[in-house]
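Each of the two complexes below includes chain A, the first together with chain B, the second together with chain C.
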Partner chain A sequence: MANIAQAMRDETATPIQRGLKEALYGGAISFGLFFLFIGLRTDQNISNELILVPRWGLLAIVVGLVMVVRFFYVAYAQPFMARQKIVNVTSGLLPDSVATRFFRLPYFIAALVIAVALLVFAGSLDGIFGPALAGYMRFFRALAIIYALASVLFYFRTFISAHFSALGIGVLVAYPIVVVLVLTLINGSMASGFQGSLKWVDNFGIQILIYVMLAWGLNIVVGLAGLLDLGYVAFYAVGAYAYALLATHLGWSFWILLPVAGIMAAFWGVMLGFPVLRLRGDYLAIVTLAFGEIIRLVLINWREVTNGAAGISGIPKVSFFGLMSFNVSDPNYIAKVLDIAQSGAYYKIFLYYLILGLALLTAFVTIRLRRMPVGRAWEALREDEIACRSLGINTTTTKLTAFATGAMFGGFAGSFFAARQGFVSPESFVFLESAIILAIVVLGGMGSLVGIAVAAAVMIGGTEILREMEFLKVVFGPDFTPELYRMLLFGMAMVIVMLWKPRGFVGSREPTAFLHERKAISSSFTKEGHG
Partner chain B sequence: MQYFVQQMVNGLTLGSIYGLIAIGYTMVYGIIGMINFAHGDIFMLGAFVALIVFLILTSLFYSVHVVLFLLVMMVVAMVMTSLYNWTIEKVAYRPLRGSFRLAPLITAIGMSIALSNFVQVTQGPRNKPIPPMVSTVYNVNGISISLKQIIIVVVTVSLLALFWYLVNKTSLGRAQRACEQDRKMAALLGIDVDRTISITFVMGAALAAVAGTLFLMYYGVVAFSDGFVPGVKAFTAAVLGGIGSLPGAMLGGLMIGFIESMWSAYFSIDYKDVAAFSILAIVLIFLPSGILGRPEVEKV
Partner chain C sequence: MTAARALLDIKGVETYYGNIRALSGVDVAVNEGEIVALIGANGAGKSTLMMTIFGTPRARRGTITFAGTDITDLPTHEIARLRIAQSPEGRRIFPRMTVMENLQMGASLDNLKYYDEDVEKVFTLFPRLKERIAQRGGTLSGGEQQMLSIGRALMARPKLLLLDEPSLGLAPLIVKQIFDAIRELNRTQGLTVFLVEQNAFGALKLATRGYVMVNGVVTMSGTGKDLLANPEVRAAYLEGGRH
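Moving on, here comes the complex of A and B:
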């Protein structure tokens, strides 16, 4: 009864009243949560004893912020979202969507003018506004550019969604060239264009594509075969160490060791697969997690071979199929062969195309395998294992091939990672990496390659871009380091995206087998398997 | 022989802490069937709350009896950590209940990352050492047993007794067991399922907080990243004992504790975690649902 009375009071309360109530409630809870952790800080004094430093001001700000956000969410955002679902009585149409109201031509023109104006006067901003205000102006400029780009995307949305894969591949192929050209135009010289592109191609392009490839590889195990693997990073580690050890000891080329690393990882995939064949669901999850940790612990402790926590350094670079090398001292250094200026950017751009090729290979193989008997068997296994067995599918080999194929791509990505870094250590293969890769697969909508790529770009690119947010120093003071908040925001983003779209970014599936016409269905109808 | 008994004592201490954390995993798994990945970090939060309370107490009172100290730390840690777990359940898990199985797993991993980084951001990344609270060591027939170890075992045993009573003899425990068997039917019979699940999270967090306080007292140091390894081992313990079973969790915790201390005593300390994980894999191959777990029957 109490619940019903409560619900009725909630019905009659206006949104503002409800908002105020919820804000007080949220404020009280957040005060309880943050009182000890934000209000007090443990610090070390000169004699190395822990002391407490109070930060009541910060606590008040955080609690106040929570209350304000909660109030606006309950009082305005919730009723607004509810209204969006109600049809207009007279016209019989749904109200204009938020997007069409947000992206309008006058706004677009204004944003374009602001962006261009601020770009033209970029050099003299400090002089006009002073350094503090100029920081805000740069932030404003970035917002205007993002808005203008988003408007363009929104305007062409039907075209984009119709040709998403082709456009995506086109953008990815053109990306380094565009970055170099734009930076050359801004800085006025080719050399500085290449130099400036390093960060964008390496930190964003290569970093995101490695995760795309890993997530696509894990997708075979989790998304297609429905086997929950929490230790995928182990195969990544096997590939990386295979290349690192064989290349430094035997001096073999990357192009020979790439398939070797893949085969090694696939072998370990089968090794893991055998004992866990009988396990299901969460038991499978914990054993794969344990396997990942075992591999990492062995890498740390088997010092004679792996050099322990110090890792292996001096891993040779990839060569351009033996024709050109990227070592400045070699006679066939690329700048000497092609007779151009020396730059470290060539290697990064080459690596970018290499990982792009490897990732696309993963996608191609996945798409092809889904249409082959083994791929169909994986998906059937995910939907219903008992039905599979009664129809004569050998579940043992099906599971093992899924593990082996997924692991092989992890191994490829690992050897690429070793070649790119020039250094591997067990630090790079912690459980967090497995969790991030799994999160990308699930956030993208398990089984959807496009969704996974989008999720990787959003999650990895989003956290990488935090490193670039220099203007935040203007707001929060000079010793504010946005990198510190990177993983905190990453974790919160995982929670928020999952609450917002529990089925991932792409919530529909294209069947590979169909009777009359290919019709995409909601992914709620596909099962997730239970190991 | 003395050496062996000594290692038994060490293993018992370690196992008690793992067992306390593992109960939180197993209770949550039993009732809603999800792996609460953030539980290890809840344990770490408990240790941090205890640390901060310890610092407040030492700055306020010059000398108080150590038992009183520990008691206050434990109670405050239980309350604060419960509040965290309660909020997390409400915000991150409840909206996804009934959604597909991997969704709450991902939010739990996200919460785990967010919690440990929250502590890193607010309290700093360094190790936080405290002066030893209890330093008495007894010598029984050449085996040294420290007062710390006795406190850990006594606290664990008394908490287990309390929990056994709560789960088996009270209406709350009956509601929990009913929800575990069939949530819909329990709701039809007038059990407030949401409330029961919230209380389960609160209970799990309270035990983890006690484990955190004991961990801080035993090792005298805590850092923001300390949640992961004990968390994974406690989860391993829960699975080893048969997830969903309370005695199984404690048994698994003790087993992991013994394996670890024996392995580091007789073989190599480097590979103690490898040993624990390998034994988990081996046990699961022969007993796919753990030692005390009920085998999963699949209906077609």
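Moving on, here comes the complex of A and C:
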């Protein structure tokens, strides 16, 4: 690295001097890089001629930003990080870690006070500070809440990491209830509590859980069996269209079509599996990618059945196990049956628990299968195919079951997706979706269910939160649409995680076999063995 | 030789890598209850023969019969299910799986009735493995990996055990221990063993019979004692080696 060599050479220079120098270099490099990218823009004038529009201001801001960040990094952050590793000469102890210095009781109390105060006055913020400042106040409030929550998590960190799975499931089960209760308390009425919960349950909860389920399904193929599949979204599409078509044409219920969609997706998993049996690694990846595109193109072009790019709308909702319906017009509409106020939130909350159940089913099946011969064969297959065969494992059926099982869960998720949206079109099943699901599996640490769930929450939750960052409009102007930057965030997060943890959030594999130490080894046995 | 009743009977086998012929008409027979050693220079085709028995690569000519079944064209996993186990060249253990899981993979085709018992047997044979029970296969030392590979093969309760250079990378004491263990398994359980060895002296001393392979053909065969005494064998494979 350039700056390391630099540091060796001018040992005597103070960090500030070095920072200034590095900032100049950084500025020069970024000026060269961004001169054409940002400094100039091609545009059309009124008579449709191509003209160059200079954007010197923006270029200056970007270059300036690079210089400032570089300066602070070299002058302050680097020496700080170096100090963290130096032992205190007198006490012989490492300095307090950043975390223990960052999370302190007074700060926690302050954050709590700020958050509560700003929550109490939430309604009148605009009136007091004006809309622009109120935007910042809301952002500040969000930071305070995050800090308070993070402090609590930090305080209980050993307990949390010891019981992560159980706690995680508990939080997920309680989530919609907590959201409704909190919003009811804030807004003062049950109805608006339900109404307000829509966004949190649907955009965050359901959206994240769909990706968790998809990633867990793909994990069987990629993480366990080691078959790099870039076309996973095809099975999601098969499940979605299976439900959409059969439900709209035959009127069958979701509960019958869910297994049907799973079976159809599994069937297509086997169809994909056969031709790629002999392929591995990059070759397999390319063929599966092509398979995903073929399915999408079929959906677009087979208009008589799939209605082409226009998609299928009016897909029936899921019923409450056939007992109650979520359609306002039905006689057994849930609000009529239970005699409560009408709200769309019931359906969303029901869907939330449905996808939570499906996702947990995926996890449960994965965990069970890993302990069974077929699951162990998947993992062995990932490691050494030839060794597998000479141990008596039929690698053909092993691969096909991996494809089929993974595809089946993709199909379940797909039919859920169709029921939730009420509309499907080929646009939902582009390659980018496969890439996102695969990225979640890789980020989570291939094979680790917990890691994958965390990765999905961070990635999908992160992109959803971007939508909420209205205050950014105050900074970048009213035309700024933060969600357009979600792929940028995705990419940045991937790079950071891969640098920091090259094997993903949870890189280590849980072993599945243990020694069942028998109480007493029979004496005849010890005699027989060679010692 | 009692070729008609041999447990493993290899007749006129030719194996090719692309267009290159690695085995040109090999005849080898391994009778039930024997320890048979195959020796030969580097690149003679010994490992190729071992792998051809398992059908990767397949023999282009000739037949291989095991316990009366023609296995020449059987899929590899079905050959293994006839209870032929192998500790192949390069060990081929599963690097990300623990020692315990590797052993379990060896047993996976059998019913698990004898599982606990067999695991204990392997650990009695290689106590070193028991100390490393939860360690990942890939992080074991070379010798430990060799032990694991042999242990995994034994977990299948094989009728015939194929060992490709079991002494590779092991300390002399452990080599002796492994050879003793092979003899013990052969004597007490009647396990039939077909092994390839560079350590010709040790292998021929251990073996009931032996074969010498040169450039893809068997040039000599006989009892272990005879081969050890044979001046040609001595000159080519023993002089300068350990005695």
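Everything that follows uses one rule, which is that the second predicted complex is superposed on the first by the 463 of 531 C-alpha atoms of A that agree within 3 Å, B and C clash if a C-alpha of one lies under 4 Å from a C-alpha of the other, contacts with A are read in each partner's own complex, and residues count from 1 in each chain.
Note that a residue touches a chain if its C-beta (ideal position, glycine included) is under 8 Å from a C-beta of that chain, and two chains touch if they have at least 3 such contacts.
Just so you know, these numbers come straight off a predicted model, no measurement behind them.
Contacts of A:Ile386 after superposition: both chain B and chain C are touched. When the two complexes are overlaid on their common chain A, residue A:Glu427 makes contact with neither chain B nor chain C.
Of the two partner chains placed around the shared chain by superposition, chain C is the only one that A:Phe514 touches, whereas chain B remains out of contact.
Comparing the two complexes, residues 386, 528, 530 of chain A contact chain B in one case and chain C in the other. In the complex of the two chains, the chain B residues touching chain A come out as 29, 35, 48-49, 51-53, 55-56, 59, 80, 83-84, 87, 91-92, 95-96, 99-103, 105-107, 109-115, 117-124, 126, 128-131, 228, 232, 235-236, 239, 243, 268, 270-271, 273-274, 277-278, 280-281, 284-285, 288-290, 296, 298, 300.
Chain contact summary for the complex, chain C toward chain A: residues 54, 56, 75-78, 80-81, 85-86, 88, 92-98, 100-101, 103-106, 108-109, 116-117, 119-121, 124-125, 133-134, 152, 156, 177, 180-181, 184, 188. Only residues 29, 32-33, 36-38, 40-44, 49-52, 222, 228, 275-276, 278-283, 285-287, 289-291, 293-294, 297-298, 300-301, 386, 431-432, 435, 438-439, 442-443, 446, 484-485, 487-488, 490-495, 498-499, 502-503, 524, 528, 530 of chain A touch chain B when the two sit together in their complex.
Residues 373, 376-377, 379-380, 382-384, 386-395, 509, 511-516, 518, 521, 525-526, 528-531 of chain A touch chain C in their complex.
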